[in-house]
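Each chain gets a letter, A, B, C, D, E and F, in the order it is written, and its residues are counted from 1.
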Amino acid sequence: MSGMDMLTPAEQRELQNRMERKQMKDFMNMYSNLVQRCFNDCVTDFTSKSLQGKEEGCVMRCVDKFLKSSERLGERFQEQNAQMAQQGGMGMGR
Amino acid sequence: MSFLFGGGARPQPTSAEKIAAAEAEIEMVSNMYNQLVDTCTRKCIPPQYREADLNKGESVCLDRCVAKFFEVNVKVSEKMQGEAAQKQGAAGAA
Amino acid sequence: MSGMDMLTPAEQRELQNRMERKQMKDFMNMYSNLVQRCFNDCVTDFTSKSLQGKEEGCVMRCVDKFLKSSERLGERFQEQNAQMAQQGGMGMGR
Amino acid sequence: MSFLFGGGARPQPTSAEKIAAAEAEIEMVSNMYNQLVDTCTRKCIPPQYREADLNKGESVCLDRCVAKFFEVNVKVSEKMQGEAAQKQGAAGAA
Amino acid sequence: MSFLFGGGARPQPTSAEKIAAAEAEIEMVSNMYNQLVDTCTRKCIPPQYREADLNKGESVCLDRCVAKFFEVNVKVSEKMQGEAAQKQGAAGAA
Amino acid sequence: MSGMDMLTPAEQRELQNRMERKQMKDFMNMYSNLVQRCFNDCVTDFTSKSLQGKEEGCVMRCVDKFLKSSERLGERFQEQNAQMAQQGGMGMGR
């Protein structure tokens, strides 16, 4: 069904190496998006230079909620993806 | 993600081409997932973060958002493939 | 006028290969930006998990309008670019 | 895009350097086009999508947006080159 | 940026791995700086631009924004490391 | 303290080459973000195709302010980074 079926073991190893680098990069992107979003939504007071208790609480809940949300979205994404592959034939080539 | 653009099977691809194709496929799934996370959290999670857990309403919203996001992807890709086919047909007839 | 004039045929081939990969990537980025924008602007109701007729219509018009808009912008962009090159001498180096 | 930053002609670049320079030039034009599309569609296309075609007002707005976007690029690049030249001059005199 | 994720010392990395690791570290600092610029200018610089200089209020806001941005990064990274450690502990015990 | 301490001179040269390419790319990204932001905030009238005096003034002040702001943020960023490194021991690995 996918282009990956046709790879030799050596090709699969090379692909896996690249994917590991990609995962590292994806994790860093996820992390920095998370920080940026929670900072943006929770830190709005610049009359002092240290984080207020209220802001810190908001950031912590924001991180928790975002991670849970990503996890749930990941599960649904995989379900939908699998369902699509099974139905097949939505795209052009089949 | 082959349901999106189909897989135009070319004869005898080189090793580098096969790896690049598999990489592009993974890249595309991963981009789509990242966009889904970005879009659906903005649609479903209000930026106040009063609680660390997803509540019922947020969870249901996320699930529906994934379903609708896939549906939109299918519709848009069908539309674009239809137009590409039409153009190719017109070019072939000319 | 441009750095490309000085390339040997072999160098031009290598550049062309890279450009083909870039075009593929650009197309995917364009596609996913398009989906994200039209989803964002048209899908706002998460009380059901399937796309409403009104939403689907909006997405289809959004895609059409965005493609026409990009095409027009591309034409104007090339005109301006050509005009700039002709006038020359706006930048530092000439 | 050589009108933006001029082309500092270096003597005898290697093949890899020449390809990289040509690639960077193309990359820059392509980035600028992508930003233009992003910016001008947001400025000129209201997010309701009542019709699939560009109407007269939208078309004219897009054309003017391109002209102004180029003008701003020229002004900003002139300003930054002026400041870079000034700094270099100051450094040379010191 | 090693304060963020710690440096898991692996024995005898190859030359390519060492360069990649150093590159990733620099990439991460640079990403964080870019996000800081994006976030803090939006928080502290109103989009009217009545004067070319930073005024007192804007300058102080920028300084505090940097301090808070670092504090949030530390808190978030501690939280995520704590959770990762907990998961690993649970996995080890199982 | 950092992974970079362990690089041989040859590895450092390779890393430096990559960093120079990265700097070029970072500069271009900075430039195009600057143009996009100042265009967005200052150019709002599309009843004519050439930049109004008021718009041009706004763009110039916007560029000035953004450059000064980035410079200040860069200084604070480095101070905080140095302070973090000194305190050490915030991350997991130490």
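Here is the rule we go by: a residue touches a chain if its C-beta (ideal position, glycine included) is under 8 Å from a C-beta of that chain, and two chains touch if they have at least 3 such contacts.
Because the structure is predicted, anything quoted here is derived from the model rather than measured.
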Contacting chain D as well as chain E are chains F
Starting at chain A, how many touching-chain steps does it take at least to reach chain D?
3
Chain pair with more C-beta contacts, B-C versus C-D:
C-D
How far is the middle of chain C from the middle of chain E, if each middle is the mean of its Cα atoms, in Å?
31
When the C-alpha atoms of chain D and chain F are each averaged to a single point, how far apart are the two points in Å?
18
What is the distance in Å between the mean C-alpha positions of chain A and chain F?
25
Touching two or more other chains, which residues of chain B qualify?
27, 38, 44, 63, 67, 77
Would you pick out the residues of chain F that each touch at least 2 other chains?
38, 60
Please list every chain around the ring, with chain A first and chain B second.
A, B, C, D, F, E
Give every residue of chain C touching chain D within the complex, in rising order.
1-4, 6-8, 10-11, 14-15, 18-19, 22, 26, 29, 33, 38, 41-42, 58, 60-62, 64-66, 68-70, 72-74, 76-77, 80-81, 84-85, 87-88, 90-94
Mind listing the chain B positions that touch chain C in their complex?
20, 24, 27-28, 31-32, 35, 38-39, 42-44, 60-61, 63-65, 67-69, 71-73, 75-77, 79-80
Chain A-touching residues of chain B, taken from the complex the two chains share
1-9, 15, 18-19, 21-23, 25-27, 29-30, 33-34, 36-38, 40-41, 44-45, 47-54, 58-59, 62-63, 66-67, 70, 74, 77-78, 81, 84-85
Please output the residues of chain F touching chain D within their complex, sorted ascending.
21, 24, 28, 31-32, 34-36, 38-40, 43-44, 46-51, 55-56, 59-60, 63
